[in-house]
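Next come two complexes built around chain A: one with chain B, the other with chain C.
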Partner chain A sequence: MLFLIPPLEKEDLKIIGHSLSNICYLSGALLLLPIIVAVVYEEFDVIPSFLIGSAASIFFGSLLSFFLYTKREMEVKHAVVMAAVAWLVAPFFASVSFWLANALSSYLDALFESVSGFTGTGLTVAVNIDHLPRSVNFLRHFLQFVGDGIGIIVISLSILGKTEISSVLAFKGEAKDTGIRPSIVRTSRIIVGIGLTFLIIGTSLFTIAGLKEGLDFGTAFFEGLNLSMTGYATGGFTPHSQNLLYYHSFWFEVVAIILMVVGALNFNLHYAVLGGKRGEILKNMEVKILLLWLLVVGSLVSANLLFVGLYPSSEALFRKGVFQAISAQTTTGFQTVYPYHLMFMWPVLSVLLLVAAMVSGGCANSTSGGIKMLRVGMLLKSLVREIRQALMPKSAVVTGSFHHVEDTPLTDKMVRGAATIALSYLILFSIGTLITVGHGYGLEDSMFETASALGNVGLSSGITSPLMPATLKAVYIFLMWAGRLEIMAIFVLAGFIILGLRKGIKE
Partner chain B sequence: MSKKIFSFAFFAICILLSTSAVGAESGKTLVENSANFDGKTVVLRGEVIGVMERGDFAWVNVLDGEVAIGVWVRNEDARKISFVGDYRHVGDLVEVVGTFHMACPEHGGDLDIHADKFTVLTVGRELDRPLNMPLALLSVALAAGAITLALYLRHVRREREKMVPVPSY
Partner chain C sequence: MGLREFSFRDFLKKNFDFIAGILSEITLAALIMGIFALLIFLLTYIGSPV
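Moving on to the complex of A and B:
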């Protein structure tokens, strides 16, 4: 079939390169923000690392912008390839800052941390989080907010790009292709607006909780800001090695749950509710499935933990069992249990339920990862339709529909698309698990960690650490990247490269 | 490796050595053998990385170099702490003798230690974090260079766009 696809032109590379330059400029600007934190906390010694990361980003961006300048508009293939490459380029410059700040023990670890941040995963290889400079810690959390929370690629194109077309297409590349409104600039503003609103609400709530729980105002505000950024982005980084256990606080966990659930809901739903359609929450198929699945996983995990008698009270079952279920389902990765306990003391059924939650994920067009509830819903509806069809007379035609902001007929094309993504996801999950097992880890741990990396979750069975093999770090970097792009963009990028190699690049 | 990493590694080794002293358990041992230690009196030594007062008591998070554990102590003990460990400080090195809970019924199932005895072994200190001047100068030069290059290339591109193409005959 390759002969049917037209060969690549030099102009194709220019379109992609020129769009990437915007990402580089924005990354360069964003890397300057931690400098403010460094100045406030008198961490002057780490400022050069941010400056160099920022300078490298701007330098690279200006070269791309000059040498690959073009006025031609993007097509879908360019947008998808650009998104796939951008999710590697943007973390690269942030990793330079992490590395120069001596925040991580090797460059590979710095890249791992940066990719984990940008993709909103939350797995960490930082050696000593409790002693990191506050500005570096801020950068870790900020990357999750801009990378996953508000989608840096769309924002960069809509702010810095020339037209809206490129942004609409980039939106497709980022797998958020059911736009809220026809105007992408307006859409971007809405996404940023929603993100900033929940950031303010979350920071305020965490600050109040922090003051109530014995933190001073400065610490409560700073840590509240960081936790809000990663909570809403369903990222899962925290400023301390104990994760949320550090705070020993029911109220911190309640605020975290609110942000995680809000972040896992579809942007379309936020927009509909903000527009006065409050009933949408109860009618939306995706939300109904998410809440039902959360209820099922949370209840089963709690019941399982109660059965084995691991926790002494209903409060403990909620703060450990239900919290971890919500954290897994929303693909956040906040942890209130030590990884060792999760893998070696929790019953296998509970761990497998968490794996299922991580693989299925939150809503489409949200900050969460995984296969996504919209696709799960379509596949379930399709299954029901097939069963009904089998029971009906041969001549009968069974149709299906679902409500997702508006009533939508379920077409075969939709089901095929959902099935393709789900299947690709499960294949990558299996390959990732096999590779992890091949490195000498147990099957249960391997499934858990792979689901966490691929679903951009961040819960850890303890495998992810600075001491894990370098090859496994590289594999998890790939899985986090593929998971963030919902896999298809990777295939398109691979096709693009193969096409270039086989047919060459025409002038 | 930089001085920072070296000093951190040295400090971590000191803490690990102190926890391996007779009677003290490492945080990792406690977490990985929680069921065996549940309800028993244990000794933990480590650096203070967090203090949060809650009424008459306080949570003190103690890091033994590898794993941090929350310790529930009386306020008067928590107030003995001078330094909390972070980037600019080495926290006080403390020794806790108390009851270990794998899932504390009083604290929502948290793994914790309720301290009976809390001793500050070594008072922490402020860390000097000097600016690396050559790196600082290099970073400023690179930043200035990158911005200049971006502006210059933008100018050249605009000038090129203004040029009217010569018609070919």
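Moving on to the complex of A and C:
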């Protein structure tokens, strides 16, 4: 089939490179923000590491812009490839800052932390998070907010891009593929607006909760800001190595649940609800399936934990079982259970239910990962349609539709697309699990950690640590990257490279 | 616009849909927590030895 595809032109590379330069400029500018935190907390020794990371990013962007300047507009293929490459380039420059700040044990660890941040995963290899400089800790959380929460590609193109179409296409490549509104510059502003609104709400609520738990205002505000950024981005980084368990606070967990649920909702839904269509929230097929699946997973996990006698009180069941189910389903990764409790004390059924939640994930077009509820819904609707078709006379034509902001007919193309991504996801999940098992870990732990990395979740069974084998770190970096791009963008990138190698690049 | 010109009523009126939308989304999260609280109460009630 390759002969049917036109060969690559030099102009294709220019379009991608030039768009990538915008990402580099923005990522360079964003890397300067932790300097404010460093100045406030008098951490002057780490400032050069941010400056160097930022300068390197801006310099690389300038090179791309100088050598690959073009006025031509992007097409879908350029946008998808650009998004795939951007999710490697942006973390690379942030990892330089982490590395130079001596925040992590090795450069690979710095890259792992940076990819985990940008993709909104939340798995961490930082050794002593509690004693990291606050500015470095802020950068970890900030990466999740800009990378996953509001989508750096969308912002860069809406601010620096030439036309609206650039961002529409880039948005597709970012795998938020249903497109929110025709006016995309406006859309990007709405996405940023919604993100900032929930950041303010979350920070205020966390600060109040922190004050209630006896933290001083400065600490409550700073940690609240960090937790809000990662909660809304369904990222899962926290300023402490014990994750959310550090606070031992019911109110922190309540605020976290609010942000996790809101972050897992579809941007189309946000737009409809905030625009006055409030009833949409309970009519939307994706929300219904998310709620139903969450209730099934949460109740089964709670029942299982109760009947094995692990958490006999209602409060403990809610704060451990239900919280972990919501954290897994929304692909956030906030943890209120120690990893070794999860693996050695939790019954296998509960752990596998969390794996199922992480694999299925939150809503499409949201900050969460996984296969996504919209696709699960389409596949379920298609299954029902097939059953109905089998029961009807041969001549009958059975159609299907679903409500997702508006009534939409279920087409074969939609079902095929959903099935392809779900299948690719499951294949990659199986390969990741096998590789982890091959490194000597148990099957249950391997499934859990792979689902967490690929679904951009961040819950850990304890495998992810600075001591894990370097090859496994590299595999998880790939899984986090693939999961963030919903796999298909990587196939397109691979096709692009193969095409270039086989047919060469035309002038 | 000076502070004296700011009217909270106008602000609410102008941004009603946005504010009500934010509250609906937070209510959804609260609803989920409420349903789970009820379920867990039932589970612990059924699961208790007496």
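To be clear about the criterion, the second predicted complex is superposed on the first by the 507 of 507 C-alpha atoms of A that agree within 3 Å, B and C clash if a C-alpha of one lies under 4 Å from a C-alpha of the other, contacts with A are read in each partner's own complex, and residues count from 1 in each chain.
Note that a contact is a pair of C-beta atoms (placed from the backbone, for glycine too) under 8 Å apart; a residue touches a chain by one contact, two chains touch by 3 or more.
In this text the structure is predicted, and so the values were computed from the model without any measurement.
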Using the touch definition from the top, say if A:Y246 reaches chain B (first), chain C (second), both or neither.
-> first
Which superposed partner A:F44 touches (first chain B, second chain C, both, neither) | first
Check whether A:F66 is in contact with chain B, with chain C, with both or with neither, and answer first, second, both or neither.
-> first
What is the contact status of A:A55 with respect to chain B (first) and chain C (second): first, second, both, or neither?
-> first
Regarding the shared-chain residue A:L291, is it in contact with chain B (first), chain C (second), both, or neither?
-> second
Chain B versus chain C as contact partner of A:S105, first or second or both or neither | first
Chain B versus chain C as contact partner of A:L317, first or second or both or neither | both
First (chain B), second (chain C), both or neither touched by A:A494 | neither
Give the label of whichever partner, chain B or chain C, reaches more residues of chain A.
-> B
Where on chain A do the contacts from chain B and from chain C line up?
-> 312-313, 317
Contact set on chain A toward chain B in their complex = 25, 28, 41-45, 47-49, 51-52, 54-56, 58-59, 61-63, 65-66, 69, 100, 102, 105, 127-128, 130-134, 213-215, 240-242, 245-248, 250, 310-313, 315-317, 319-320, 336, 338, 340-341, 344-345
For the chain A and chain C complex, residues of the former touching the latter | 197-198, 201, 254, 257-258, 260-262, 265, 270, 273-276, 278, 281, 287, 291, 294-295, 298-299, 302-303, 306-307, 312-314, 317-318, 321-322, 326
Once bound in the complex, which stretches of chain B touch chain A?
-> 2, 4-5, 8, 12, 31-32, 34-35, 49-54, 58-59, 61, 63, 67-68, 70, 85-88, 103-105, 107-112, 129-132, 135-136, 138-140, 142-143, 145-147, 149-150, 153-154, 156-157
Inside the complex, what are the residues of chain C that reach chain A?
-> 17-18, 20-22, 24-26, 28-30, 32-33, 35-37, 39-41, 43-44, 47
